[in-house]
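These notes open a run of structures that come right after.
Each of the next two complexes has subunit A plus one other chain: subunit B in the first, subunit C in the second.
Here is the complex of A and B:
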């Protein structure tokens, strides 16, 4: 109503209030943040770092590390009867408080001022750091956390550099075995209580707690229990110092040598986002990566340690052909060509393909292409289910069931047809991709006796590989690129962290070569992007998608209505204001 | 500011310009040294501990090893302390800093029950590829445990590449025991 002369210009506080925001001055700059935002989050929005140990957005804020102290100010309360005075810029003058406040557990208010630097704040941080380091053992050379330790980082940034402490340090238990996968070093602990809160609030297994008092305070496990929850290893990632360390990764490699590759977990339908840590051609550890639509910041221990399997002794590294009942190592050309020649001996209806919902979308698409080239309609996938844990582990243990449904249609039912076909002799040749028939598919040796030819692709040696005439070694999750669709219908990306082991090859290339060897055409697909492009052109749901459009956080492809229980709980807690989320 | 002195070229007279006198003087000096070296009085023979015959040091019969200064940078080696404990805890900082990537460490754990179990960590394997090593001394400088030192061994030879890789055993053999260093893992620790 600018034409009515009575209207005055709105004050910034009223402008913000209309949108549910408040004005906050951070280091001299005014920004608007949602009402109820924690001061530390407001500083993050303003791109000002506030050092902290105990605060974690996914956990409650006890405010006990005192590292996030900042200076805060509010407009002075007007005298009785007086009106607040607004300056030319529309803001009230800020009266700075003489003592610092913690930024993690306080929320912002209208016209609040926050200083994340300045004499008071810097002096406070230096003091807090000095107290935290009083009893710290300084065994960085033997500590696995060195290199990713908040205590090291903030000590360099905010510490005083030299210790004034001349007394003897407090002795506490070191190298304590508190769980099957975790070691505790109490001397390194700075009492942030993140692990205690995680086990209580997220893992629902409150086995950790503080005992003793004062400088003797120690984190301890319940005397009758061990830290053996399947989510226990998340406390290792949470621990800002080296108090909780992984037994599996213990003394394996210093973290500064490791290369991080963003990837996803392939052990169940949830597809937890992960970071794969590698050096040379070896995976050293896998840690969860934040994705608020999939796994929050956590992942189950069982899935985290599953990478060891593909680096074990049973890893297949060379293509093999069975000669007189014994597998002999051969080269890729021979293996692929003899596979193609052998397949040509059969009628197209006599050939069946058992694909896997553990394959990526690209591999599944080419598998359908392989079926079309052969001319068979017998393409099945194997269902793999388990007990869901009510948190992150899904009942569906295949990582790409939804992808298989989109690209192969409903293929699980055809498994029984193929089995019958093998028994009545209508199916004589099998192509098995990344699936052990004896395990989940419940095939017996009698069932396979009907197969005159078995061509299979595997990562590790198993009974099916043993029974196969031609074995083609594929690449593990860390060795290839591809995309998968998780239980909620989210399309996520696998990235290549290392090279395929030995002479093994990325699976999509194996299937492509097999197709080319059968139809005798020349290759026009050199990169996996070419396959992605073909999927985008041929499958409606994938229209317009490329690898880069999937992004590190994935993109919602379809709606399945499935919810991840841990996220549901987390969102409830965030809505109730217990956590930031 | 450093003081700058400008030098001017000397003005030469006629006899200087023909060089003959200069050449003759130089020849005399050369002949003097040639004569001295023939009668066993060559210059510097005392510090070289040579016979005084000839001016070239007859390496390897003659060596200058005793003259090497304290800061000489020869082959890097690992040292043990007074109690024969391996000082190295395999923190891998030397592996990280090494410019030619000559160092390779595989860390290991000190088993429970060991006298030094509180140190928790020691190298399982420690290899320095002496073909790669450039004797820069950064490993010694970066070591937080005073465990690696550049010794005075400079004649590192071998007949194969494998032989030129010093393993843990060889490194402790060269390094030996080093006393008087900071006793970080003392009783208070």
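Here is the complex of A and C:
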């Protein structure tokens, strides 16, 4: 009998191969990552930071910044006829290469070793940083990127502190008006080419390019083709330095003073995930936030800048009651009670509610509650459509059409019924929530001639507010919490970044107060969580959901079968290995 | 003029009298169309030959030429600008009727190409102080001659060497500059 065991233990490489993985040693620790993973992504999995500028997982990897150089090793090739030698731990010995390799454009292999630190790597990074800083102006104190500048950060972490460059620096164009919303400072540019690739690969508007490649390399565009794409401002977020800056945001506020609140865009059905940047009670900018199921990492400029509307001059800040044709400011109790009393003057069927697919689920649920309290079935929402742009902007310009469908039923058709009712005198009182009757719902002053009472809630002093007997000022997207369901059926949440303007109130509270004033019951909903709980109990699709379960990335509530074109393209590119994704 | 216009601008030079402004003549269109057939995979690849064709006919690559090439190849005009500005061999302003490219790489420099350049400039009244990275060509006031330093022209054994338009000249001693000029009379 032989002592040799009949079954040999499986080597780590075979174990990994069965699962489509490979073993990689990163800074001494062995991990398993999927075959074909970029080295830089493997390092990320191992929680080792590899500094980089040009690499971006959503774009191709030209490997031109050289910042992600790491030391790499592979098992030495066995002599002809010899078998590979495996150590006690089952791995082959790693032969380290004397020169560094870029981690962004190389993929891992079985038994590969990566060192993200050590003498070679540190010296390399110092060298690359020194080169990148040769022509970079040292004007961080006046640069708008300071505080969120990768060059500044990596210079501190990986730079050598001093430059040995004594020759003349290259002068490049400064303050270039490269597009209507974007300003370019070529001296700050480190030629990572992220903006060029984004415009080419994602925005499909390849206006940017390098001119005078060599010592004088300059990012620029042809004067007849400016950077005016509706996705152009994403290049500002992509720019690791202060070369591309937003005309809207530059020099307005230092980024370290700003509070970041995770939220979503409310300008179309896609619901791009956003970060709202605020200080005090003011929104300074809105930037896209990564969500691979909604907006990748981008958002359209038109939606990004839409926040200005909510802090404009014409915000409604106080409840008002019309006395002798003139609006007079009043307090909330008076306004709500007057509204309730006025509504009681009408038969249930004479009251109609024009709700909005711009309302949150919580507001819509309470709107249905308000209709039930009044006893009316006249609840309509206003359809709002536009040209889809084949990327992120949906044809549905309402952010919560699916939520409205779930909570109010199919309510868009009832708008015409209400209009007819107004004209034939069967409807005499209107409650308008977050909508403008004239420009959005196409009502004319003649249509409203028969309306004896109009109560409206909005954030802007629009024509409807002017025509209303009672005006109840609501809160903008940045001033309230709530959830919405996007075109794909994904439930996402808004978080409150600032306080409602002036004496205005969160919309769900306005509707709740109105219900209580009408039915005379005592309040049992103190927090928006109470509303969420009621929705979860009463609406099948929302069963078991809470705000915290929605999470920052949202959760798929229903399947609508709608696809977001930009994501479809991105997934194809990722599947083809063009980008990491 | 704004910074972006500079990318495609053609500063006026006395050499313009010798080169008609760019027009997409039948001649040029035929040459370009023929060239494009060489690249069935991607028309983008024809960008270099097309720029050559334009420069050969019109002396330099103007904004109008860049736009025409971009339209012809169905690419962004910026892609053409990138190529034109990368190669020192492509010009964005008119040279003289006779364009002198003097080699300044090591062998020629040691054999006196800088002196040769000085001689050519003196004879043709060219003020070389205007030379810069962005304006590598200087044209004589009469518009007949222009000079430019070139990198290695691949004939180190016969330094100093010089290209005049498409003619190659070897062993040009600085003192023989006048002979070289005499060969090209307008």
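FYI, the second predicted complex is superposed on the first by the 576 of 581 C-alpha atoms of A that agree within 3 Å, B and C clash if a C-alpha of one lies under 4 Å from a C-alpha of the other, contacts with A are read in each partner's own complex, and residues count from 1 in each chain.
Everything that follows uses one rule, which is that contacts are C-beta pairs under 8 Å (C-beta built on N, C-alpha and C of every residue); 3 or more make two chains touch, one makes a residue touch a chain.
It should be emphasised that the depicted structure is a prediction, and the values quoted were computed from it without experimental measurement.
> Given the alignment on subunit A, is it a clash or a fit between subunit B and subunit C?
Overlaying the two complexes on subunit A (C-alpha atoms) leaves subunit C and subunit B fitting together cleanly.
> Comparing subunit B against subunit C, which has contacts with more of the residues in subunit A?
C
> Considering only the touch criterion stated at the top, classify A:98 as touching first (subunit B), second (subunit C), both, or neither.
In the superposition, A:98 touches no partner, neither subunit B nor subunit C.
> Scan A:544 for contacts with subunit B and subunit C and give back first, second, both or neither.
neither
> Answer with first, second, both or neither: which of subunit B and subunit C does A:178 touch in the superposed model?
Touch status of A:178: second partner only.
> Scan A:223 for contacts with subunit B and subunit C and give back first, second, both or neither.
A:223 sits against subunit C, while subunit B stays out of touch.
> Once chain A of both complexes is superposed, is A:161 in touch with subunit B (first), subunit C (second), both, or neither?
neither
> So, does A:210 touch the first partner subunit B, the second partner subunit C, both, or neither?
second
> With the two complexes overlaid on chain A, what is the closest approach of subunit B to subunit C, counting only CA atoms, in Å?
Scanning every C-alpha pair, the shortest subunit B to subunit C distance is 13 Å.
> What residues on subunit A does subunit C touch that subunit B touches too?
Correct list for subunit A: none, the interfaces share no residue.
> Name, in rising order, each residue of subunit A that touches subunit B in their complex.
By the definition above, subunit A touches subunit B via 137, 140-142, 146, 168-169, 174-175, 250-254, 256-257.
> Any idea which subunit C residues touch subunit A in the complex?
Residues 2-8, 66-67, 76-79, 81-82, 85-86, 133.
> Once bound in the complex, which stretches of subunit A touch subunit C?
173, 176-178, 206-216, 220-226
> Which positions of subunit B touch subunit A when the two form their complex?
Of all residues in subunit B, those touching subunit A are 89-93, 95-96, 107-109, 118-121, 144-145, 188-189.
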